[in-house]
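Chain nomenclature is as follows: A, B and C, assigned in order of appearance, with residue numbering initiated at 1 for each chain independently.
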Amino acid sequence: MTTNGTNGKESENRKLCIICSKGSLDMAYPPLVLANAARMSGIDVDLFFTFWGLEMICKDKMKNLKVPTVGNPSMHIPTMLGGLPGMSTVATTMMKREIEKLDFPEIDEFIEMLSDAGANLYACKMSMDMMKLTDEDIIEEAEIIGAMEFMEMSEGAQLLFI
Amino acid sequence: MTTNGTNGKESENRKLCIICSKGSLDMAYPPLVLANAARMSGIDVDLFFTFWGLEMICKDKMKNLKVPTVGNPSMHIPTMLGGLPGMSTVATTMMKREIEKLDFPEIDEFIEMLSDAGANLYACKMSMDMMKLTDEDIIEEAEIIGAMEFMEMSEGAQLLFI
Amino acid sequence: MTTNGTNGKESENRKLCIICSKGSLDMAYPPLVLANAARMSGIDVDLFFTFWGLEMICKDKMKNLKVPTVGNPSMHIPTMLGGLPGMSTVATTMMKREIEKLDFPEIDEFIEMLSDAGANLYACKMSMDMMKLTDEDIIEEAEIIGAMEFMEMSEGAQLLFI
């Protein structure tokens, strides 16, 4: 993307850095789908999990992300009904079923698949400290780095905050 | 943005690719306002509608996007009150009135205006399949593409995920 | 980031433009943490406050941003309970305490610190009009600009929409 034709970096690869900040199921898929498309197109991919997005790589949470029903007008569920116990579970089950039909894996498998395909996984140190998580809590494929390290590695990349 | 001064691409135009992923009224305007400003500045614009953002180009939904009141602390509506039937409608009406005062069109007109101004509209194939939408359901100005095609067309562009 | 090696712009600095659009406490920190890391890495930083994000620089609101509990499955609070009066205050207090432990300042001090460190602060004119805010309502470090001015100043920058 940013070669200048005058030095050895001419062949530098296109790079996409995606900051994953959400812990809801419906916002966990977009970064993974885009990262997958990018890897299939030969683009370098870094995924940086921060704030609620850390749950996407937490061993005990990544299998249980949910779709929020209240505060999400796209669900077309009346607000009072959306607040009823169980509605979020219904919406989550429905979404998982549709995603499975499309042959997309569940979050944990999807992340492992991306790691195998060469995407780099990073966990935000500050967010881990804030949520009192240790390296035991997250998948071993993820490397823990600080925000400054992320800034340095994302030089020249296209950025997405999801 | 990324000319290298050594080949025929020297005059390549600056490009902005906006991924529209939200179906709430308050998050439907930012991509359109930014796309409009970009077109007026002579920047190439691609809008990629995915996940809940597909509702922005769905014929039967684009006129009825709503502002969520619960889960949105910026509304300054107490949580219990925000959950009352009708509060979201009140907030939506208020926002539409303010936006109209500023001479911004409603979502459907705004999108048509952007298309006329040369912005390219794309619908995400995977999201359409997931929501069981066909090309009959979305506006005809939008072209249906996959995530890989989007990755390829966004090379060298500035990216936004909204 | 995008020098072409053939003109005086060769030494142009890497630049990050962050669009801040959210007024909840948990989504106010990510842009500030990233902006801080960028400044510490010597990267130019522009922060553009728009829509609900304007509350981050509103004198009477920036000290009182809250964490939403409903519509945020990452809070792991049952939906009915999340809607109870006071739950958002509890979550907000908990988050503030954790952030303080990490030596991060509160929002108002954080923004002042970033301004002192050379980050540029911009308020979106359209959003101010929509919310009926005047320049008296926002901090004096912020300059009011339109979306087109923002598009022009963000040329060649890496973009984030938060």
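The rule is simple: contacts are C-beta pairs under 8 Å (C-beta built on N, C-alpha and C of every residue); 3 or more make two chains touch, one makes a residue touch a chain.
Just so it is clear, the structure is predicted and the values come from calculations on it, not from any experiment.
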Next item on the list: Give a one-word verdict, same or different, on whether chain B and chain C use largely identical residue numbers at their interface, taking over half shared as same.
Entry: different
Notebook entry, point to check: Through what angle, to the nearest 5 degrees, does chain A rotate to match chain B on its C-alpha atoms?
Noted result: 120
Check: When the C-alpha atoms of chain B and chain C are each averaged to a single point, how far apart are the two points in Å?
Finding: 21
Margin query: By the touch rule stated above, which residues of chain C touch at least two different other chains?
Written below: 2, 4-5, 68, 70-72, 83, 158-161
Notebook entry, point to check: Which of the residues in chain B end up touching chain C in this complex?
Noted result: 1-5, 14, 16, 26-27, 29-30, 33-34, 36-38, 40-41, 43, 68, 70-74, 78-80, 83, 95, 98-99, 101-102, 104, 158-162
Next item on the list: Spell out the part of chain A that touches chain C in their complex, as residue ranges.
Entry: 2, 4-7, 19, 21-25, 50-52, 55, 65-72, 82-85, 87-88, 126, 129-131, 146-148, 150-152, 154-161
